[in-house]
Amino acid sequence: MTTTAATGATATAQPEATTREQRLEHGLDVLGRIDGDAGENVLAALSDVSPELAHQIAAWGFGEIYSRPGLAPRDRQLVTLGMLTALGGCEPQLRVHLGAALNVGLTPQEIVEALLHSAVYCGFPRALNATLTAKQVFAERGLLPVATA
Amino acid sequence: MTTTAATGATATAQPEATTREQRLEHGLDVLGRIDGDAGENVLAALSDVSPELAHQIAAWGFGEIYSRPGLAPRDRQLVTLGMLTALGGCEPQLRVHLGAALNVGLTPQEIVEALLHSAVYCGFPRALNATLTAKQVFAERGLLPVATA
Amino acid sequence: MTTTAATGATATAQPEATTREQRLEHGLDVLGRIDGDAGENVLAALSDVSPELAHQIAAWGFGEIYSRPGLAPRDRQLVTLGMLTALGGCEPQLRVHLGAALNVGLTPQEIVEALLHSAVYCGFPRALNATLTAKQVFAERGLLPVATA
Amino acid sequence: MTTTAATGATATAQPEATTREQRLEHGLDVLGRIDGDAGENVLAALSDVSPELAHQIAAWGFGEIYSRPGLAPRDRQLVTLGMLTALGGCEPQLRVHLGAALNVGLTPQEIVEALLHSAVYCGFPRALNATLTAKQVFAERGLLPVATA
Amino acid sequence: MTTTAATGATATAQPEATTREQRLEHGLDVLGRIDGDAGENVLAALSDVSPELAHQIAAWGFGEIYSRPGLAPRDRQLVTLGMLTALGGCEPQLRVHLGAALNVGLTPQEIVEALLHSAVYCGFPRALNATLTAKQVFAERGLLPVATA
Amino acid sequence: MTTTAATGATATAQPEATTREQRLEHGLDVLGRIDGDAGENVLAALSDVSPELAHQIAAWGFGEIYSRPGLAPRDRQLVTLGMLTALGGCEPQLRVHLGAALNVGLTPQEIVEALLHSAVYCGFPRALNATLTAKQVFAERGLLPVATA
């Protein structure tokens, strides 16, 4: 385990030399397991306008950050749902990550409860937009109606 | 279990009649267990300017929403950290909820990882502001340095 | 009049014990008078995904906050138009509240002037999005063209 | 009354030729009546870094927009309080406009109620930040405690 | 060159008296050269709802600010792309200004690179929304695929 | 030059295998040239709370994105100033990047003009906050008063 003087970070995660291509492969693998087809469709849509953005989403966002062991995939999606709800105007990304949230084990009831919780911090309009986006994702997966407690 | 025709919501949570005062007591109890003194200090600061806002934070935010069983307290804080980081300019509230996150069982490492994760969705400035706020909270509790994985 | 020690708020508004169902009925009544059908359509859309969010919008947002006497309905809509314009990405909610603004007595000219005013604080893009949303609402009610002063 | 072909706007407000200096004088006059010293202090702080920004705030923001007759000064401040609360991170401007709100006839109770109302649309953190900023302004003017209804 | 005592701004830009109509003509001229038809379509859409907003966008936004000599048109579009990407929910305005960016000499490669750069500060969702909006604009102008370096 | 099938991005930038440590070194080098001491101070402040965030800011933000050839450093700072102004609540980051903007050749006059321009898109409060932050940076470097055109 080596320590970088400048930042104090330890370099255990990727101690070996990797090529840009290898980092992408790793990222695409992580992305596929979390987002499934929805993530790959986003990358495909970028291929003729900004393949570099597609590369960085996969290689950095998923290969570097998502793949870190310090926070469970389910927990990462809870944080992500909170952020995308609060940011607003991110309905396409919210759709992908609502699917990802289901993929990593959050139940529709937990998701709906998290979005209700968001009203306390973001207000009703953001909570409403996110909940109606969730309704679309749930409908596509045959998960409506969401059973109430 | 009764169902409300207008919204379809079931009314199991608080089937009995309660007074405004009772709902406040319940909320203050939930708030105290999650936020501790930090939450009560916020309410006290409001007492001469907007006691009604203090009432609603406690009675509604905590008594009605936080107290619902559908999402674990730890999960609620993950969503909340994501929202407060994304909103920006909420450092005082972030401070309270970083404390709450520790109170309900999130470790400093998980919190730091969640805030690193936020860079993917909110960019580095928001992630930085939240992480440096966390540094203050951790320092007050003697939790620095945060051990790296 | 009783005073709550913890927050200093006086409990005149709802001194009597109420059930969750009664609070919802009260909120739906207030919501219906302000938002009309548009508000009810939002609640209906939530019924199979998050009836609890529908409940809270009605019972808390309208039953607890909107129904308070300290600010006239017309004034509440002015503040609300300012907030929804500034938040951005809330066009569906803006549509409901532009209708509400007309319902409680704001004229199309005043609304348009408030949205022009928003350019000073939010910039032209937010002012433009809100004004073009108003154009849709006015068109549906046969209020175009808006007479200039 | 002439009509501009390109925009359809009627040119009644300033039909005569004015110089840049005259438009500034007019704006400073409007600004002084609404914001008082607080507004002038902002302009003074800009004098060695961006006198043009100071000019435009006065000449355009106040001289062109605030001075329009279509919305009462009190109503403009309600919209402005809503926007500044929703935007977040605008506490210095909020301070100026809370003073302006008092100057044009809003009572502390109405202001506090408007900020409570903002919780419904922006969530508690934004409402809290704005309310605690109002507390500072009210304290400077000897208006604490705000009497509850 | 006269100096305004109150703001310190020098009044070289428009030393002579102008009418509201003349300032509009000047603004429309600047707007036409930068935004082309897209800008005029926005003004036309406002003509029956808020001709005054159309007037101010042209007369002030373009006639007063865009026409200032201190920053090149190409540089103004770079700043503007950054702002519209960061604000979020401004896709219609982004579309107009992506066209403007091409009109004033930015290449598709530079635009795509600026939007990739935005991921560092705003996160991937905002960068993605802006890049997919750019894809639409580029497609309409036959500029796809964007050549990679 | 190899092409990645999945994203279409070409891998010319870093064709060889690199270690995590090498990528950090490269990023720190780019960061030092752009941000100078200010950037390094931010990384140092993170060293006991989130050295991984420090690593990613340097290795990814600067080493991967800033170091790309497709957009001049001066242009990157213009976009960045636009984003940080629009986001709001990013004054510490704005301070670093105002310094960076001066380091890469933007003049105080151009910076002030860019921030005036931001008023059109973000409104006066965001433009004011950014301009008063610039005043602080200029004062530290002895660049006040900014000469007017």
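Observations on the structure shown:
Note that the chains take the letters A, B, C, D, E and F in the order they are written out, and that residue 1 is the start of every chain.
Simple rule for what comes next: a contact is a pair of C-beta atoms (placed from the backbone, for glycine too) under 8 Å apart; a residue touches a chain by one contact, two chains touch by 3 or more.
Bear in mind the structure is a predicted one, so any value in this text is a computation, not a measurement.
Looking at chain C and chain F, the chains in contact with each of them are A, B, D, E.
Chain pairs D-E and A-C differ in how many C-beta pairs are in contact, and the one with more is D-E.
The angle needed to superpose chain A on chain D by their Cα atoms is 180 degrees, rounded to the nearest 5.
Between chain B and chain E, the centres computed from C-alpha atoms are 40 Å apart.
In whole angstrom, the spacing between the mean C-alpha positions of chain A and chain E is 32. The distance from the centre of chain C to the centre of chain D, each centre being the mean of the chain's C-alpha atoms, comes to 22 Å. Multi-chain contact residues of chain D (touching two or more other chains): 8-10, 46-48, 51-52, 56, 61, 65, 68, 83-84, 87-89, 93, 112, 116, 119-126, 148. Interface residues of chain A, counted against chain D in their complex, comprise 119-126.
Within the complex, the chain A residues that touch chain F are 2, 4, 6-11, 13-22, 24, 28, 40, 43, 46-48, 51-52, 54-56, 58, 60, 64-65, 68.
Listing the residues of chain B that touch chain D in their complex gives 42, 45-53, 56-57, 61, 84, 87-90, 92-93.
Of all the residues in chain E, the ones that touch chain A in their complex are 88-89, 112, 115-116, 119, 123-129, 131-132, 134-135, 138, 144-146, 148. Chain contact summary for the complex, chain F toward chain E: residues 8-10, 12, 61, 65-66, 68-71, 75-76, 78-87, 93, 109-110, 112-114, 116-122, 148-149.
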